[in-house]
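Following this line, the structures themselves.
In the two complexes below, subunit A is the common chain; its partner is subunit B in one and subunit C in the other.
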Partner chain A sequence: MRNIWIIAGRELRRYFVSPVAYAVAAMLYLILGVIFFINIYFGLQTGQINPDGRMVMGPMVTILLFVAPALTMRLIADEARMGTLELLLTAPVRDWELVVGKWLGVFGFMVGVIAVTWIYPLILHRMTNPGIDQGVLITAYLGLVLLVGSMLAVGVFVSSLFDNPMAAFFTTLAILLGLWVISGLGSGAGTASEIIRYLGIVDHYYDYLYRGIINLPDVVYFLSLTSLALFLGTQAVESRRWR
Partner chain B sequence: MNGDLRRWVPAAYWVAVVSLLASAAWYVVQRSIDVYLQIGIALALVAFIGAIALDPARVRRALRTRQTRYGSNMLLMTAAFVGILVVVNYIVYADPARWDLTEDQQYSLAPETKLILSQLQQPVTIKGFFTPNMAGARDNVRPLLDQYRIESDGLVDYEFIDPLENPIAADQYGVTRDGTLVVVAGESSEVLSFPNERDITSALVRLANPGERKVYFLVGHGERDINENGEAGYSQVSDALQAKSYSVETLNLIAQAEVPQDALAVIIAGPLVPLGQEEVDALDRYLSGGGSLVVLEEPTLATRYGDAEDPLATYLEQRWGLRLNDDLVVDLNSSLPLAGIGMQYASHPITERMGNLTAYFPSARSIEVIPVEGANLSQVGLVRTGDNAWGERDLKGFSEESRLEYDPEQDTQAPLVLAAAAQDQDSGARLVVIGDSDFAANGDYFNLGNGDLFVNSVDWAARQEKLIDLTPKPQTQRFVVPPSIRTLGLIFLSVVILIPGGVVASGVSVWWRRRRRL
Partner chain C sequence: MIEVEGLTKYYGLHPAIQDLTFRAETGEIVGFLGPNGAGKTTTMRILTGYMPPTSGTARVAGFDVLEESLEVRKRVGYLPETVPLYPEMTVVEYLEFMGSLRRVPELETRIEEVLERVDMLERAESYIGSLSKGLRQRVGLGQALLHDPEVLILDEPTIGLDPAQIIEVRNLIQDLGADHTVMLSTHILSEAQQVCDRVMIINRGRIVAEDTPANLQAQLAGAEQILVRAAAEARDLVPLLRAVNGVVEVKPTEHEGEVEVRSAPGQDVRPLVARAVVEADLDLLELRSAGLSLEEVFLQLTREDAGTEARAEG
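Presenting the complex of A and B:
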């Protein structure tokens, strides 16, 4: 267990010296800040500001779709490319500890990045009488954290398959986009449509958690996707020993 | 000989793979297991078995390698893991737990609904008929239906049916509109056009207390025929009422002196000749006992009234204060100049759910709501025209010379009332009067809000519009206090400049420090 924390801590520290992480965070805050300000500014002109704390969350989810692959692409692929993965594999670290530690590091970083965005609803809360609906905000953020966790896990898994970070980036993006649009195919009413709809990733966020309802199937879906991706990542790392 | 044949083994594997892929592609295109598909699969099998039989040693070698052993082990582990996840997800999905954290409990059912669900005796299925075009509406109603399922411990279940894929089911329940819910309990069912908590719960109450709900259509004066399928017939009306579990009958007050006791409402749909005084007296007795009446009267131009007296119109005016004007509603500015177009709805149970669905009345007469002394009535003008309409009173000039001219002295002035409702507060009797009967005929029933207006009118008259009062949910009113220019500047500074800028600055400082260290 200790190994996980050591690896996670090391990864987390690496983000704080990595230009990619700063660029990603700065871009995210700039886009969200502009969207938030435009909403307030034009809302003032029309006299209609919607007291909804989730003003920036829709765009944030879309941006995270691209951010997650960018942050995870080099996690394992880079180690493999530089040859340091060999060292890690011979060190007294279990494969799953390596994978989970890497994921936990990037997850911790993203949770930190997302936590800062709480400032937008906080500003809105100060301006609203008698305040915005906190319950909706809590479930929306909880859902966001679960969603990001599973997206990053997919990224870690894909990164473990490749020796080239760019290949990992595009493959992760393709898988996430696939999960994003697949629910569109399940617009019918039969069992097959229901299963396809269940596989789609964003509906699990927008249908309930985004509206202020904690829906157990959605939570279980995100946790399942996360654990499946981490399990597959572990298998992929392990397979490097005998491939 | 064997060695010669062995050269073909790789080719045989390829043939197996290619024909298997081709078969799959064929199936995707054809969507049926036809003879070509069978040939393809058979070829793949033969090639595969043949390849193994020709060179079994190769297979044995492949199976013994380290990769195969580890690989199959990994595959097995992965399959087991996926299996566990599928089972867990299925269990949770089949019986979902849910917590509504919104401040106003927006997605929770009213206590009355919960009470009714706890008293439910038999399983109920709610079938939602939605085409893929209405996927948005379907997703909106899903949380509500989930709530019914959870609160009833699974006694209420729901399913969605695509009426394009399964038109037979849609026909079976008399579904004619996309986005309709059908509540089914045992043999009986009820169609709901408006999927909301009040209507669903009301339907549950009705289905739990089955009893014949009879409405009668008056016959004998050339009224609309509920069995006629033509444009002018009322078969759609009859079907729609039966889908709402009414039983629809006809009533002849010439043959029968009294309105039957079990009549929830009597409907008089466009008589061509006036009713007799005895019939009107029978209706009066029925109404005095708390009965309900829906009257649809055409302009005299479209009837065979001539100059004959209309005892029903006199009765409605004197007793209920709803005067049927002898005119024709005209609006030369509209695309349907000879139709009354409902531009404005009053706040009333009949019209409150019409939303922005307009109702229009081809060849209509206007109604005047006048106070009646000594009667404890509440009267409402339900549907009004726009300001450009008028009630043409020179019907002779119109029918003989097609002359339509607004004469402020003679004609009825806008806005005109096209439909009105009245309730006697003492006896509880209810009355709806509409100055047209074409609007609900088969030809126009599905146009805009026409059918809804008719069905809502009958629902209200028959006292089925609101079997239950749901506790209104508190809605916290939130408003944003507009920030001052200074606050706005502060917001801009912090969210657009400071936060992203701070991240960039700390990035640069880290980079600078690391560079110096090197």
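Presenting the complex of A and C:
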């Protein structure tokens, strides 16, 4: 267990000195800031500000689709490329501890980045009367964190398959996009369509959690996807030893 | 302690090592000598728990590398061939990270000790990315020593170091060899000869020779070889010298009046040969020992072996 924290802590520190991580975070805040400003600006024009703290969350999900692959791409692929994976795989660390530690590091960083966006609903809350519904907001953020956790886990898994971070980036992006659009294919009735709809990642967020309702099947979906991806990542790291 | 039996590793259909069997005791420095692609790194990767063997067993510090990999990894210090470093970390940060993964007690003190040993104290706060190749090699070595492991596995530890540092590191290895098990790989024969208690020569995935450097040299040379030149026809010299006690073989060389004499191992036949020539009333022009250097032995051995295999395949 302690190994997980050591690895996660190192990754976290690495993000804080990484220009890429800062660029990613800055881009996120910039885009959200512009969207927020436009919303408020037109709200003031019409004299009617929509007291919905989630105005930044919809776009954030789209941005995260690109942020998740960018932040996870080098987690394991780069260690393999640099030869440092040999160091970690000959240290007394279990393969799953390595994978979970890597995920926890990037997850912790992203939770921090997302937490800062709370500032937009906070401003909105001050500007409106009676303010915004905190329950809905908190649930929507909780859902976002679950969603991000599973997206990052997919990224960690894919990174464990490659020796090249760019390959990991595009593959993760493709998988996440696939999970995003797949629910569109399951529009008909029948078990097959239902399964396809269940696989789609964003519906599990928008249908309930985004609206402020904690729907257990959706929570289970995100936790399962996270666990599955981390499990597959562990298998992939282990299989590297057999190559 | 390292105990290896019948170790075999295939990459796909290609055997990298085949049926290796050897031991290394505590307090012993074992050298792994072989040309490129011989299987040195592969063997070391198996011993450090990085990859499993295809078949055979290996026990390191009393634990099976496959079944008790984690226990093995706790007790092994490993310097891989490509030194695994994080360029964006400082030397100290790097050692702190590895030391905490290895649960090194009193880490700060230990890091200082190790940095002193590899002569890196002044560069402790430098970013690894800014270090030269040799300095990086030292950091890698420091990482391998950090947890004071029972068994040290060093893949080409002196590569890229300057001559002064090579001596330092060799001394360090000999120091450590007193109460650790050390296994190192090298291409440099003189290094194996100087540092190791025992040398294994590996070629094409098989151990082709194993002994102390001194014995190896004698054994591999097969026998003492001497060259004799006299003012006579070689065909007269051959029967004359063949009769000398201790001589195994006499062959004319391409030079006029010169023969090559091979004797049984450990026997110096030079005085007898000289006397035989003189007593036959011939003028002895030259008599010199032509014992093979370990270098020549090594080349011959690895070449011969390659030849045999090529023939077997063809």
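Simple rule for what comes next: the second predicted complex is superposed on the first by the 243 of 243 C-alpha atoms of A that agree within 3 Å, B and C clash if a C-alpha of one lies under 4 Å from a C-alpha of the other, contacts with A are read in each partner's own complex, and residues count from 1 in each chain.
The rule is simple: a contact is a pair of C-beta atoms (placed from the backbone, for glycine too) under 8 Å apart; a residue touches a chain by one contact, two chains touch by 3 or more.
Every value quoted in this text rests on a predicted model; they were computed, and no experiment measured them.
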Side-by-side fit of subunit B and subunit C on subunit A, or clash: fit
Which of subunit B and subunit C A:212 touches, first, second, both or neither: first
Touching partner for A:93 - first (subunit B), second (subunit C), both, neither: second
Partner contacting more residues of subunit A (subunit B vs subunit C): B
Which superposed partner A:115 touches (first subunit B, second subunit C, both, neither): neither
Which of subunit B and subunit C A:16 touches, first, second, both or neither: first
Partner chain(s) touched by A:242 [first = subunit B, second = subunit C, both, neither]: both
Partner chain(s) touched by A:181 [first = subunit B, second = subunit C, both, neither]: neither
First (subunit B), second (subunit C), both or neither touched by A:130: first
First (subunit B), second (subunit C), both or neither touched by A:82: second
Superposed arrangement, angle subtended at the Cα centre of subunit A by subunit B and subunit C, nearest 10 degrees: 150
Subunit B versus subunit C - smallest C-alpha distance in the overlay, whole Å: 6
Touching both subunit B and subunit C, residues of subunit A: 17, 242-243
Residues of subunit A that touch subunit C when the two form their complex: 3, 6-7, 10, 14, 17-18, 82-87, 89-94, 241-243
Complex interface listing, subunit A residues touching subunit B: 16-17, 19, 22-23, 25-27, 29-30, 32-34, 36-37, 40-41, 43-44, 47, 49-51, 116, 119-120, 123-124, 127-136, 138-139, 187-190, 198, 207-208, 211-217, 220-221, 224, 227-228, 231-232, 235, 238-239, 242-243
Footprint of subunit A on subunit C - complex, ascending: 11, 45, 48-52, 70, 73-74, 76, 78, 80, 82-86, 88, 97-98, 100-102, 143
Interface residues, subunit B side, partner subunit A - complex: 66-67, 70-71, 74, 77-78, 81-82, 85, 88-89, 92-93, 96-104, 106-107, 130, 132, 135, 139, 142-143, 159-162, 165-166, 476, 478-483, 487-488, 491-492, 494-496, 499-500, 503-504, 506-507, 510-511, 514
